[in-house]
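Shared between the two complexes below is chain A, which pairs with chain B and chain C, respectively.
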Partner chain A sequence: MRSPPIPEMATQEVQLNETLAHLKTESETLKSKLEEERAKLHDVELHQVAEKVEGLGQFVMKTRRTLKGHGNKVLCMDWCKDKRRIVSSSQDGKVIVWDAFTTNKEHAVTMPCTWVMACAYAPSGCAVACGGLDNKCSVYPLSLDKNENLAAKKKSVAMHTNYLSACSFTNSDMQILTSSGDGTCALWDVESGQLLQSFHGHAADVLCLDLAPSETGNTFVSGGCDKKANVWDMRSGQCIQSFETHESDINSVRYYPSGDAFASGSDDATCRLYDLRADREVAIYSKESIIFGVSSVDFSLSGRLLFGGYNDYTINVWDVLKGTRVSILFGHENRVSTLRVSPDGTAFCTGSWDHTLRIWA
Partner chain B sequence: MSGSSNLVTMKKVVQQLRFEASINRVKVSQAAADLQQFCIQNALQDPLLTGVSSSTNPFRPQKVCSFL
Partner chain C sequence: MTIRNAIRDHGQRYRPRMACLKKAEKVLLEMQDPKTGVKSQPQRLVITTIPHAISGEDIIAWLADRFQIDSQEARNLGSMLVALGYIYPLQDHKRLVIKPDASLYRFQTPYFWPTQQWPVEDTDYAIYLAKRNIRKKGILELHEQEQYNRLHKWMNHKWDFIVMQAKEQYRAAKERKKPDRVVFDCQERAYWVVHRPPPGTVSAMDYGLERRIDPNADEVTGESLHMIFTQQSIMRPRVKSSVSIGALVKYCATYNSHDPFLSKCLPSNPWLTDDVTYWTLNMPNVEIPTKMRVERWTFSFRELLSDPRGRDDFRLFLKKEFSGENLAFWEGCEDLKWGTAATMREKAEHIYKTFLARGAPRWINIDGKTMEITVKGLKHPHRYVLEAAQTHIYMLMKKDSFGRYMKSPVFKDTLKKAIAPEEHKFTDAQLEQNAKNRRPSLSPIILRQQELEQKAKMAASAPVDITQVMSKLSKQGKEVAPRPPSKN
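Let's look at the complex of A and B:
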């Protein structure tokens, strides 16, 4: 095969550089246009709209249960739909299923790896998924027989090329969504282990994800070390909206109960609220005195309260509409690493590096 | 050739930006009003907000055992 003469190659090179320069200019123009469009609609702040809303009174929230049993840092937890069972995972490789009412341990599994950073309860309540430094997400069916070895029935579902940071079942036990240190998210079929869709767009580790409430359709939001929060279409794999206002890693993302917005928690010590229809950040929850990162966030049932677990061992409770802090909760003796409100909104659970989980109400 | 892979990447970036620029947006005042409306409509069904009494919150009553 004749290689092209040198002058021809030079022309090709020039054309390539011209096209590249063209595209760069277009991307800059589009970015400014995006900012302009978003700014045009920024006619008021959320807390201004909320001025007429009645303020919230004093909150009395205390630790009602303490779950002890993990031998090392608790990294993740999830509620079962039955509103009383909880699955938690830890740095020492243990995954425990608890009855939060009685504080009894119902199941325990030892994973073959340490740092089990992600765990999730299946919607049926019959299985749990977990993973971490093994780069996988595995599903364990929960047996009614307490003596049965859960590890024997383990099913490997997801395979990433770096650590698993988060996982969540979709509306059924059949599919799992995962996020990873390899910068991608992925949707898997549990039965076959097949990859159904992958989501590329983050420029660094993806640390968290949350599925939109089922009424709002097939989307999910992810947050990463690239300071971006991305909203994805689950069927096409496309990133449909992207938000970049945080100043550091985004450790947690959670949809507002209506599905029209989501909150994020970051190492920059702030929580933020992004409205999907306005396509912009609409609130920042921060105080000068709060300087430690937020590890996890969740809303109360009506969306009026935002709970944030922080690296300074506290939980801050925010009035979502007014932007003010309504309460600060103490109790944990190390970082709060995970926080979820129960499915019926009667309590929330926190997990900490102090090896315990606490139920607050 | 690294030039052509840069091109592919840039094309994707521009495509994504074109898509994001084209979505329909509402004013913040409208979006904020809707968020507020949702909060208010659901406030009474929010146990952590209203502070549901001990008799209905399974976590609130501390277990008390008294031996007589």
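Let's look at the complex of A and C:
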């Protein structure tokens, strides 16, 4: 006679645990196999190829404009295609459109929610999109009439079930791509608010996205709290590539100008470069003295420089090819929350929790 | 799904997302190493002696040496460690920065290190404030007094407990030796400056919004789906690193002279000299482009198409070759893909009638297979229904027309006329003047209005388009003249 029989529920639970454990091991084995396959074609390191490349000289980058006007943390900004206007959004719900060159404020909108974490300028320069804790993305057509209340013509486009973390217009004013704390990304038709495509695959909040500048222009990359960076096909909604090498939340992703690679910035204090054709991570930009997370990254026009905004109030400039840090910039008095290079690459703009935006060149 | 809101939670959150804390702790341990750490010594302060005090300049020097960074960066790093609460100042205790002089600091005891595991409770803060109040009435600062009143209000139900704890801690403290008491008071005070900062100061503990999902939680959902995806990824075609990395490096080299951060912007970078000539010369539809801009068109077909001026030039070339329909078709497809959903069906039909149907006025030449797929798809049109045809035509233009365009008289003429502006050489006085004369530019809203007016004018006064006439004739059932021989 064996020991007293185990109650049925406990047996089922043991079986379930065994199945989960079994699945987990199988999953791990497959992941190692993937890494093996990726490694087979890995015949050279980026910094090796970069040895033949000429080194960069000294940089003199300074703040050329300081934009003051937000009453609270600046969370996001975007450039207009005219290379001098920008839109910025902040924690207190204010969205401001500036002519960064003259530092004049041209338009202002007060959102009905706080923490406006996402804002984007329409390609035509005639509208802006923004959203945050309201779980929506709204489009505001801009008007030259100073007396007009922009909120009156607002269009509610995207609806998520959690906060909106990022938004971007596609190649026209008619479509918007959004990412959300609800773990999904989605493509919307601006005019009707119709959901055109949704993208499921992240296991946690999606924090950032970037559209590919590729010839066929049909993919985008997203980064999330599940430490994954996923590349998506806009047509099918499928995830076509996934990279999981970061050790913490990915706060920012940005394509390399050729569209064949992308960079990411994470709370683990590193920026990384992923080569899409070789299907692997090819560089890590980190330094022992940098312990604070990266909030935002962007490339210079040629892709040679990677600018990173950090949570220790600094901006680090990296030589993308050689992997070294070329410059560190001070100036902000609180976290740098957002960073974008201008459309013609003549400057980059940073937004910070110190309520200001700065243009650097 | 629950919707998170950011209503004040009275500091009851805990912080799972500060990955920097572990790294900071590593640095701290090294700094405290008796042999290789920062030099410390007892310092006389007022009437007591504080053991193990370190000076700001020593901290900065140690960090600069350890991480091989300059003193400004070391100072910034040191200040962040103070801001997190791992090191605290003995003088000027409310300013959490490292001063690069003989100002004194101490390492915070690990008991008071910021932690990710549990929240910094308001209950503890209330006890701390009450304790200080007991020790000496009126010692609380204005913001502390306000906090105290607020906590008293919403924690009223457990105020007896709080006062009891405060009295107990006060009594226990009196039993300690005076030097220990002074040190502990310093440590505790420093802890609360970090976790309940005075208003108007920047707090390193502020990490923004909660994320919805805790990264430390263990999730085993969707494993089977992940496995299918991983299996597919294994079979993905890949390129050798040397090839793809080589391409990345080549791209940098090609665009190096066009990158304003790496090469001079001609005539000058508007952000540096406050002179906007560079932007004026490079407006989207300027008549005469700059030499640099024309050079960019030669880098890739995508560059040529994405620049409106370049595309215009290419269009002109194609018109002369009578193969303008290819570009027009490609543009129509782009409009379909990125346009409003409402007009999508109409657009698809229009494109079909104009470019794909048998006898279409601007018939494009695509292979039979692609045509079959496209026509089939058009029965139930969606935004990507013309994808295959568009790719085919794009490749055609890229591999054939693009090359011939660059050898054509149209391009050579444009290149010849292109401007190469001289570099600005402003004196300091001129730069000052430029800065004073910054002018606003035309709003994109006005520019778009102008563009639309321009387009309308052109459409109204356009010469008779032979293709339009042909399509009208065919509609009227008249004989359709043979179309011009297709050029590919």
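Throughout what follows, the second predicted complex is superposed on the first by the 329 of 361 C-alpha atoms of A that agree within 3 Å, B and C clash if a C-alpha of one lies under 4 Å from a C-alpha of the other, contacts with A are read in each partner's own complex, and residues count from 1 in each chain.
Here is the rule we go by: a residue touches a chain if its C-beta (ideal position, glycine included) is under 8 Å from a C-beta of that chain, and two chains touch if they have at least 3 such contacts.
Since the structure is predicted, the reported quantities are computational estimates derived from the model, not experimental observations.
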Chain A as common anchor, with chain B and chain C clashing or fitting: clash
Touching partner for A:Asp312 - first (chain B), second (chain C), both, neither: second
First (chain B), second (chain C), both or neither touched by A:Ser198: neither
Contacts of A:Asp182 with chain B and chain C, given as first, second, both or neither: second
Which superposed partner A:Thr114 touches (first chain B, second chain C, both, neither): second
First, second, both or neither for A:Asn149, with chain B first and chain C second: neither
First (chain B), second (chain C), both or neither touched by A:Lys31: both
Partner chain in contact with A:Leu16 - chain B first, chain C second, else both or neither: first
Chain B versus chain C, judged by how many residues of chain A each one touches: C
Which superposed partner A:Gly345 touches (first chain B, second chain C, both, neither): both
Partner chain in contact with A:Cys239 - chain B first, chain C second, else both or neither: both
Stretch of chain C, among 3-11, 93-101 or 255-263, that runs into chain B once the two complexes are superposed: 255-263
Overlap of chain C and chain B interfaces on chain A (superposed complexes): 20, 23-24, 26-27, 30-31, 33-34, 37-38, 41-46, 49-50, 53, 56, 59, 61, 64-65, 83-84, 101, 201, 239, 241-242, 256-258, 260-261, 275, 277-280, 282, 300-305, 320-321, 344-347, 359, 361
Touching residues (chain side chain B, partner chain A) in the complex: 3-4, 6-7, 10-11, 13-14, 16-21, 23, 25-36, 38-43, 45-49, 51-52, 57-60, 62
Complex contacts: residues of chain A adjacent to chain C: 20, 23-24, 26-27, 30-31, 33-34, 37-38, 41-46, 49-50, 53, 56, 59, 61, 64-65, 73, 80-85, 99, 101-102, 104, 106, 114-115, 117, 124-126, 133, 135, 142-144, 161-163, 170-172, 174-175, 181-183, 189-192, 194, 196, 201, 203-205, 215-216, 218, 225-227, 235, 239, 241-242, 247-249, 256-258, 260-261, 267-269, 275-280, 282, 287-289, 291-293, 300-305, 311-314, 320-321, 328, 330, 333-334, 344-347, 353-354, 359, 361
Chain B partner contacts - residues on chain A that touch it in the complex: 13, 16-17, 19-20, 23-24, 26-27, 30-31, 33-34, 37-38, 41-46, 49-50, 53, 56, 59-61, 64-65, 83-84, 100-101, 201, 238-242, 256-258, 260-261, 275, 277-280, 282, 300-305, 320-321, 341, 344-348, 359, 361
Touching residues (chain side chain C, partner chain A) in the complex: 1, 3-6, 17-20, 23-24, 27, 63, 67-69, 72-74, 76-77, 80, 202, 206, 208-209, 211-213, 215, 219-224, 226-227, 229-231, 233-234, 236, 238-249, 251-256, 258-262, 265, 269-272, 276, 278-279, 282, 301-302, 334, 337-342, 383-384, 387, 391, 394, 438-441, 443-448
